[in-house]
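Residue numbering begins at 1 within each chain, and the chains themselves are lettered A, B, C and D in the order written.
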Amino acid sequence: MTAAPPEQKLSNEELLASVIADLIGDVRHVAVGNASPIPATAALLARERGGGKPYVSLLQSRKHNFFTDGGRELFDCAGQGRIDVFFLSGGEIDGEGNINLVSIGEYEHPKVRFPGSFGAAYLYYVVPKVILFRTEHSRRTLVPKVSFVSAPGTSPENVFRNGGPIALVTNRCVFSFDQTHRRFRLESVHPGHAVSEVAEHTGFAYVQPAAVPETPSPSAETLRLMRQVVAPELAEVYPQFAARIFGVRVPA
Amino acid sequence: MTAAPPEQKLSNEELLASVIADLIGDVRHVAVGNASPIPATAALLARERGGGKPYVSLLQSRKHNFFTDGGRELFDCAGQGRIDVFFLSGGEIDGEGNINLVSIGEYEHPKVRFPGSFGAAYLYYVVPKVILFRTEHSRRTLVPKVSFVSAPGTSPENVFRNGGPIALVTNRCVFSFDQTHRRFRLESVHPGHAVSEVAEHTGFAYVQPAAVPETPSPSAETLRLMRQVVAPELAEVYPQFAARIFGVRVPA
Amino acid sequence: MPQIVPTLDEALASIADGCVLAVPRENSGVAMAATRALIRRGVKRLELIALPTSSLQADLLIGAGCVALIETSAVSLGEFGPAPRFTAAVIAGSIKMKDATCPALHAAFQAAEKGVPFFPLRGLIGSDVLAHRPDWRMIDNPFGNNDPIVLLPAIKPDVALFHSPMADRAGNVWIGRQRELATMAHASAKTIVTVEKIVDGDLLADATLSAGTLPGFYVDSIAVAPRGAWPLPLPDHYAWDEKHLAEYARLAASEEGFAKYLEQYVYDRRAA
Amino acid sequence: MPQIVPTLDEALASIADGCVLAVPRENSGVAMAATRALIRRGVKRLELIALPTSSLQADLLIGAGCVALIETSAVSLGEFGPAPRFTAAVIAGSIKMKDATCPALHAAFQAAEKGVPFFPLRGLIGSDVLAHRPDWRMIDNPFGNNDPIVLLPAIKPDVALFHSPMADRAGNVWIGRQRELATMAHASAKTIVTVEKIVDGDLLADATLSAGTLPGFYVDSIAVAPRGAWPLPLPDHYAWDEKHLAEYARLAASEEGFAKYLEQYVYDRRAA
């Protein structure tokens, strides 16, 4: 395999993966769903920086997950409190952290139909740190109120809930989520993007501090790890992504 | 292997196995618990007479049961309605079909302690034909009222119950059980035993018809099957029993 | 006890119109050759239950008009995009939709496996998934204090249908780590399996293989269908046919294209 | 991630006095060498949960004064007769008894495995097993009509302890068909395993072996204990030591005989 030279320009995907790796923090187990190359990059990066911790399960890959008890094991594992971080997205996401993976319009006669809720109506409640990730940052995706709640961002106090959203990462910015006040807060805007642009393209209200920093770029060491250590690992699961972003080619 | 010659005298165990095989009837699946050589003989005999039906699971033997889903599979299988006949016993059995596998005396301070209920508090409800089998027929084992109900013989109409006792076989006689009237009925007395002897040694009340037939001895063909076909199969699971009753020796 | 039969149609005979049919997720061994045979036979009004999701299988059956109702957590072609016939049918209102979430389907099959009327599940409360499931109930957890919890009724399909690498002559089926296939079979009244091949020997007698074996006791009929999951993957045996799935996604985007796909890959038996 | 440690005592370090300890039935791989090590260490006040029954293991621990409470469906030496120390302790009132029934224990562990507070179970109603379990609840099945059903609270042990044929260097453990061992590990906060041997290679990477493998992810510590289930059987590996069990049954019938057994087979390390 060959990897990207360290002098190469920082890509958007690398920035997002670095941001997400920071959000993961010091945990034991990160699980990454299907078709999620950027979160997968972030999880593997977190593992490299943690010297093997957290354990990373890539559900897309038989090789990179340990499950031997059938399709239920992921959910049982989460229910046991053994998954600390998971990633969810939404056809729509609203300002209270509700996500919609089902449909737009009346449920019985929808105008738009998405694939379905998958495990969201469960995992959103039982995984302590759910990181919302939606690259498309527009008034179409970030809406005042979702048309269908696949899973709510918060729950009443008496409803069993060990988990929920901690942040929303888009191609423009990073929001944190305040579960007490049920709202997002603009934490940083990515290099090349503006606070006003975020406001223009966000359909929901959020807290905007007086000063919003620029999303920090990965350190040279982080970038080196991502490009030289993580990218080749990633190539086994996401060969096209690894080739496009990191220039990693798996020998045929 | 060698087997008993057909002219050998009918043993008590052969009689009991023949009676139980008749009680099994035309079903799909008979499961036999541990340390039950006579019911196992009966089940294998029923299978031979049915040309391979019923399917027989001998829980004692890895080879003679199909379970691959751990210790729960027997109970799940019964809950699915896939076990038609099972055998239970009791330290005490009373006239309402209640069985006691736990203790005699006050539960917190028992005078006698048995091993425990095993699966009886479940299987007695969900297996359509439970055959009670207790060779010791005495006022100590067949009591007016059990000290502890491991599982009741019958349940109120609104309690989910697909199964229960159909008969009690002892070393003296065969009782049938009438689930509607919650009582046993003396069906037959084994050769060499008397109706009066049953009354003398039974601690509970039961229905006694005006004429009680003698328990029918197995036909020559049944006896031949038991001795020549069933006994060698049985020897793999119950070698000592097969040797003692049928004279079957497994070559070392 | 299972019958090993010579043709797919014989194996599938008990899947009648209106059958409640359970099928596995896209990467656990989907009986695609059998699915094409069902479409050729023109089965109608299936109530399809995907444990817990589906992809090409549901899309094909829906597009071909075989499905009255689907219960699932999602139908999607994954990296090949949305499932076009599913999407169109839901928007047109031509199938009845029962949206679930993955662990709810696993739990409801396990409830049937254990012979209980329901299983509880955390999560769900406050979601519109729950709001649109009048067949699910919320109770106050009797071991808690003001602690609502959802109960899901057991799912007992008429037939479970899946594809596996091998069966032995007694009908014992190797399922490996795909243990939801055992749960599906336990929960269903009948189980039909297609396999890559029939092997000699007894899978249950082998200490190693038996750990991944569904006993034939739970299986009703078996037919051999080499590459029977194609173009979907068979775990540890073959991968997705990516080129074919991309072609499907392209064709099925329109009704005309879908009809062409059916003609070429389903009705023309040489391609099945 | 699991630590493979050089001694039994190191592996067992997290089994403290008062530990809620889950152990498997007598023919699923009982960690008997580890049990003798616990007795030598003098562990106290164990709350032993047998899934779903026990034999020599419970009788030894009870006789040696290590147990405060036992939850089980039965304790018996099977064809070698009643379990004498268990029987004596229950009659003397020196241990607290929680009588259960086999499927109730399986269900309660599965409830913990699935992260729910309870599982329902049929049967039980009208039995004194239920009458003596104030921790079990009866509700009216919300999907039925005047249909009472029992709910069992999830069992979440502190530690699961069992013996298996092998583990690999990453701590993945071969359990074969003994799937209740996986459920025990999933349900328990920690899992300790003794194995016959450590093998090279990756059990999870092998398509065949992985079907019977408990991932090391769920395992905390592993020690090698050759013939570690002796004198109980290890499935597909070795049978009961009938002669030894008969000797145990004879000796343990009296307190003096039991003390002699302990001296000879437990405290004298050469015999362990």
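Here are some notes:
Keep in mind that, in the parts below, contacts are C-beta pairs under 8 Å (C-beta built on N, C-alpha and C of every residue); 3 or more make two chains touch, one makes a residue touch a chain.
Because the structure is predicted, anything quoted here is derived from the model rather than measured.
Touching chain A and chain C together: D.
Note on connectivity: the fewest chain-to-chain touch steps from chain C to chain D number 1. At the far end from chain B, in terms of centres built from Cα atoms, lies A.
Compared on C-beta pairs in contact, A-D and B-D come out with B-D as the pair having more. Distance between chain centres (mean CA atoms), chain A to chain B: 60 Å.
For this pair, chain B with chain C, the centres built from the Cα atoms lie 41 Å apart.
In whole angstrom, the spacing between the mean C-alpha positions of chain B and chain D is 29. Of all residues in chain D, those touching 2 or more other chains are 107, 110, 114-116, 121-122, 147, 149, 177, 182, 210-211, 235-236, listed in ascending order.
Annotation for chain B: residues 67-69, 72, 75-76, 79, 126 touch two or more other chains. Every pair of chains that touch is listed here: A-C, A-D, B-C, B-D, C-D.
Within the complex formed with chain C, the chain A residues making contact are 34-35, 62, 67-72, 75-76, 79, 101-103, 107-126, 148-152, 155-156, 158-160.
Within the complex, the chain D residues that touch chain C are 107, 110, 114-122, 137, 139, 141-144, 147, 149, 151, 153, 175-177, 207-212, 235-236. Those residues of chain D whose C-beta lies close enough to touch chain B in the complex are 24-25, 28, 51-53, 72-76, 78-79, 82-83, 86-87, 90-91, 93, 99-104, 106-107, 110, 121-132, 146-149, 177-183, 235-236. Those residues of chain A lying in contact with chain D across their complex are 29, 55, 63, 66-69, 72, 75-82, 126. Taken in their complex, chain C has these residues touching chain B: 1, 112-116, 172, 182, 186-187, 204-205, 210-211, 213-218.
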